[in-house]
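In order of appearance the chains are A, B, C and D, and numbering begins at 1 in each one.
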Amino acid sequence: MVDHILSILIFFPVVAALFGVIVHKDSIRAYGIAVSVIEFALSLWLWFAFDGQSSGMQFMESIPLIPAFGINYTLGVDGISVFIIILSTFVTLIGIASLGEIKNLKNMIITLLVLQMTMSGVFAALDAIIFYVFWELSLVPMLYIIGAWGGPLRIYASIKFFLYTFAGSLVMLVGMLFMAYFYNQATGEWSFAILDWYRLILPENLQLWLFVAFFLGFAIKVPMFPFHTWLPYAHGQAPTIGSVILAAILLKMGTYAFIRFSLPLFPDASVFFMYPIAVIAIIMVIYTAMVAYGQKDIKQVIAYSSISHMGIIIIGTFALNVEGISGSVFLMLGHGVVAGALFFLVGVIYDRRHTKIMSEFGGLAHSMPRYATIFGVMMMASVGMPLTINFVGEFLSLLGFFKQSQILTLLAGVGIIVGAIYMLTAYKKLFFGEITNEENRNLPDINKRELVALIPLTFLAIWLGVYPKPVLDPINTSVESIVQLMHDKAQTAEAKRRIPSPLSQMTIPVSSIEEAH
Amino acid sequence: MEKYLYIALFAPLVSSLFSALFTATPKKTFTGIIASLLIFSAFVSSSILLTHILGGGEPIHVEMMTWMATGDLYIPFGFVVDEISVTMMMVVTLVSTVVHIYSIGYMDHDKGFNRFFSYLSAFVFSMMILVMSDNYAGLFIGWEGVGLCSWLLIGFWFHKESATWAANEAFIMNRIADLGMLVGLFLIYWNTGTLQYEGSFAAFAHLDTTTLSWIGIFLFIGAMGKSAQFPLHTWLADAMEGPTPVSALIHAATMVTAGVYLVVRSNELYSLIPHVGLFIASLGAFVAIFAASMALVNRDMKRVIAYSTLSQLGYMFAAAGLGAYWVALFHLMAHAFFKALLFLGAGNVMHAMHDELDPFKMGGLKKVMKWTYIMMTFASVALAGLFPLAGFFSKDTILEAAFAEHHFVIYSVLLFTAGLTAFYSFRLTALIFEGEERYKLFGIHPHEAYKYMLVAMSPLLILAIIAGAFRTTFFGMVEEILGAMEYHIHSHVTLWIMTIGTQVFVILAIMYAYKKYNNAKITVPDGTSAMENSFMYKLLLNQYYIPYAYEKYIVVPYREMSEVFWTHVDLKIVDASVDGIAGIIYNTGDRTSAMQSGNLSTMLKWMVAGLLGMLSLAVVFGLAVRYSDEILAILSGLGV
Amino acid sequence: MMEIGLNHYLILSTILFAIGLVGVMRRKNLLLLFFATEILLNSVNIAFAAISHYYGDLTGQMFAFFVIAIAASEVAVGLGLLIVWYKRHGNIDLDSLASMKG
Amino acid sequence: MFEAIAFYLFAFLTIAMFYIVVTTSQALYALSALAAGMIFISAFFFILNADFLGAIQIIVYTGAVMALYAFGMMFFDTTREVKEKKGNKFIIVGMSALAAALVVAIFAAPMLSTNIVALYPSSADIGNTQEVGMVLFTKYLIPFELAAVMLLVAMVAGIVLAGKKMDNSITLEDDTNEKVLS
């Protein structure tokens, strides 16, 4: 069974969702929780059976689908994807467990289970076509969640979300097809397997074009500036659970895909585009942080803060060394936990007051002390306090990129300042001061159902901040092999220099700060 | 010995978590007592460690577990107890024990009693990590941790707008500096391959001066934020919004000295780059006089003491920058004792005066608050640096060091500042304790603080008096690690003249302060006197208008820019262009749907038009293929 | 000029097709529109037959053959529909058929 | 020579007939001209040695199709003059002429015409009925059968549509019809 655990992880929820259709609506909550608990347990088993010392793909499965074109149903995980899968099952579990009283609960749970399938599928797929199928499929449940349970602008938001990301991924699909075509030209065989593509060394000018094609798909998903505007709408209109999953998992597809596709396939192009992308990422970090500061709606603040953090992840990814990429993978997890928790927290007050405008609140720390505490912990995690999960990722990402450019890292580091500014200001507006609005005086503090979601997230945020080793080690192993692959494949001297081989012993370069520029 | 290290480190954490259990419940005195006991145990452990080190024992170095390890980076939770950190541990645990006990009384009537102890102990824990860590990353944990606790404690009374504002200001200002520190860390890692003190210090010797200078500068930027050096100093005065024990512990004795600690800890770095050291010393001297000048006129008791702290931090940086690391550390220690005492005394006064902070509204309090009067006077004398109190030994050594290093400008600035220090300290004591009982006008009935609070303060009093006696012992201890040298002025005559001259100058300043402020004519200023309308007075009272400038030229533009970014750039440009593209497609559909009139012959006409178009394309492409060579020739001729 | 080649037939076919196109576009009466489509089909048939002849391959004729079959079916069904329409609306005017308006 | 004369003659006749079809305002003229044009087209088939096709052309088109049209016209008021729409004739004729010109240009283009030049310009043996039968019942058997089925279906459809319940529509439903249908 362990050989097919990935398939089981992918298809168990969707089968369960089909059976969910016939479950009576009074017992659907228990059913949903049971299914997601099993799914989460399966993913934990995956972690248990995972060999952290091995850098290759594990639990590989392969079934030919269209042999004539080399399209196979190929799955496998390495240290990079395994934790994102576990995070996705975890978030789905607590998401379902903490669902409030909403209309059409049954449909919601079925939708979430289908969404779970697509999330596991994207991160486990090792065949470009399978990857693409799950990538696009994931849009549908999210479209449905936003469009059916969203706020007043939900139709606009969901259509925008769908079309925008869809348009980007079509360009990506063209890139994939061309990649397969090139593979065919080079070897005489067709293959869409990512691992086969890794073995190709593409000419540099071709890499540049393909990189751009893939980049469009990924950048819209991440979302990178200036393709980010769908995100605030989607978050602003989505129900709590939708925002949580969107922020925690779906956005990670973009950054994950950068590491899975762009870097190892196009090492020279990655080096070529490193500075432009870093500049975009820095704009993301600072600009969206400033926009977040200007928001009046707390959920929008967190939505923009997500973009800002995604900028740091991109910076780490394009550090092109082990420190940076490990950091960015870890930050994906960290941001998943923290942003997920923050959206949950916003959902808590939205459930009570049905507004998210910050000026409606103030002094909540008086009436909801426990809520204020958890929010405070998560806020500190979000601004990257050491010993919380985000710090590890941000530190490593910035540390990695520092090797590539010191000035740009300094600019990206401004993110920790502006991040603190909007977060603290928002916190102050919500929680500090006297209670000005009488409606807030008797708000009930956080209840058990909400604690079910928030306590594990808080625990994770601190545990992985203090002791990231169990997660960071497997990530490190896999990232080292990817960086080594990039180093070996790099053709230009510039790329060879920029992508250090992790296997060679680190020498202490004696260089001045001017030389590096 | 490791056992004691762990006790010293984790007792505060246990204390914090224990108190945290009761945050949701009403005040329970035992949380305060247990927290104090736990902190006291940390103090005892530190003392044991101190005797170990004093007895010539090897520094204790433990590595608890791995924190981050990826690529070539390896950061453990490692802790070291050597001469520097044990000094800091002693200062931290001692002052925090005193403050904990004192707070039981001070926070007696506060709703958030339990919460307060939780935060306070968490602060001690962070501070212990900061001083005990054996690598820069661990130091950074503590660095940010104390920042967080400072935020929590400044904003402890979160219902007050000013408190939360000050808390956020402190946090954000510190963040700015932390970025510099982080960059310093990155530079160290990529140039030496490690963040451990030992490894990186060893590698510094092989680096060129430019790199080292950059490392030194960026680390110092970090220190500037934490130690509130110009231009990041404004938060410290605003931080006085927090409860007074917090000001004593965090914003006088421990956290703000973390910057000095960092420079002292990195002495092997800074001794390689004396020009950066000189810059640090100059900035320190500047801040010393700059802050002292603001303290001269301020009418808020706590702010005066805060500026005095700032000024003393300037002294420490001046010493550290000149390479006299042990002097800086010694002054840090002595300063912690008398400044904490001063703050706690101020806390007593505040309590007695029902949170009134204006010393002009006090006066004559020595009759009702005898012990507080004695303690604050001693603390002020120590601060002013009169023989034989602690301040004399530490501050005088700084002056000697500046003189011996032939930095006479720094020396004279510091000397002048010593006079200012004496003046403002005694202006404060005179206004508070001497003269008419002006408070009666406001209907306040002051009373002395609880006995045990006074008892708790007494160790600080004793230390403020006698700490100078440890100078030689201290020197002997840190000599090796800080490469310390005694500063000897070549001729004894010069030394004596200098010392006595300084003393006389300080005494004159004290006398002037007493003469000016200890008389019956003092009234609450109402903004009419000539002095209050003078330019200098206004300038100083408004802190050189720096906070206004920050507000006007940084905070407000930032806020407005954020608004513009959101409402104009994000919504009107970025998003509108996306919607514009979608709109073009929609409109195309709308317009062209007229073609779909439903009338067959119209549609047929369009069909034929399409056919025509495609046929034309076929012809064009056919021609293009036929004449491709010629076309290419023409295009290349055009330079395409 | 006197030697009749494939091009002659193709050009003839084209001319007939153009005439058919004119008819298709300008006719308003559905019945006459049908006539025009017959012209289109026939013009193509000529081309098929000619190509078949000049290439010496019967496939072209086969196509023409099937075209005729389709034309016959089309007429049968088309006329049936036309009659139904006429019964309902009393005319077979093109302008009255606009329910496909987009 | 004879072939050329026949070609030009029939070409002229066919074009003339079809021109009448599309321009006349009398439906009966149009029908007659169409029938004539169809017969003239069969002449080309005979010239091209496609005897069977020519026969089919006459039988199917001139016989069956024209008869159908004739019957169809009986349902309609054909004596009335056909009203033409007032649309711009220039566009219609212009577009058609341009399309034709383009196609001719494509045929006439030197590089393409060389491709289309006949491989066996005068293979006189091809095209007799026997050979057509051979091909039709071997290579094209299945299409042939399908065509037969299609014709049958078309016939049935024609009868159903035009035959029964001619007072009621079975394609367009409205309120009046629902009762009848149910």
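Here, a contact is a pair of C-beta atoms (placed from the backbone, for glycine too) under 8 Å apart; a residue touches a chain by one contact, two chains touch by 3 or more.
The shown structure was predicted, so the numbers you read here are calculated from the model rather than taken from an experiment.
J.: Counting C-beta pairs in contact, which chain pair has more, B-D or A-B?
T.: Greater number of contacting C-beta pairs: A-B.
J.: Mind checking the centre-to-centre distance between chain B and chain D? Centres are C-alpha means, answer in whole Å.
T.: Each chain reduced to its C-alpha mean, chain B and chain D end up 95 Å apart.
J.: Can you work out the whole-Å distance between the CA centroids of chain A and chain B?
T.: A distance of 35 Å separates the two centres.
J.: Find the geometric centre of each of chain A and chain D from their Cα atoms only, then give the gap between the two centres in Å, rounded to an integer.
T.: That gives a centre separation of 63 Å.
J.: Averaging over Cα atoms per chain, report the distance between chain C and chain D in Å.
T.: 5
J.: Which residues of chain D are in contact with two or more other chains?
T.: 85, 87, 92, 95-96, 99, 103
J.: For chain B, give me the residues that contact two or more of the other chains.
T.: Expected reply: 601, 605, 608.
J.: Provide the list of chain A residues touching at least two other chains, using ranges where the numbers run on.
T.: In chain A, nothing touches at least two other chains.
J.: Every pair of chains that touch: which are they?
T.: A-B, B-C, B-D, C-D
J.: Can you list the chain B residues touching chain D in their complex?
T.: 601, 605, 608-609, 611-612, 615-616, 618-619, 622, 626
J.: Would you mind writing out the residues of chain B in touch with chain C in their complex?
T.: These residues of chain B touch chain C: 593, 595-601, 604-605, 608.
J.: Over in the complex, which chain B residues touch chain A? Could you list them?
T.: 23-24, 65-73, 137, 140-141, 144-145, 148, 151, 155, 158-159, 161, 164-165, 168, 171-172, 175-176, 178-179, 182-183, 185-187, 189-193, 203, 206-208, 210-211, 214, 558-559, 561-563, 565-567, 569-570, 574-575, 577-578, 582
J.: Which stretch or stretches of chain A touch chain B in the complex?
T.: Within the complex, chain A contacts chain B at residues 160, 163-164, 225-230, 287, 290-291, 293-295, 321-323, 326-327, 363, 365-366, 369-370, 373, 380, 383, 385-387, 391-392, 395-396, 398-400, 402-403, 406, 409-410, 413-414, 416-417, 420-421, 424-425, 428, 431-434, 466-469, 472-473, 475-476, 479-480, 502, 506, 508-514.
J.: Which part of chain C faces chain B closely enough to touch in the complex?
T.: 21, 24-28, 33, 94-95, 97-102
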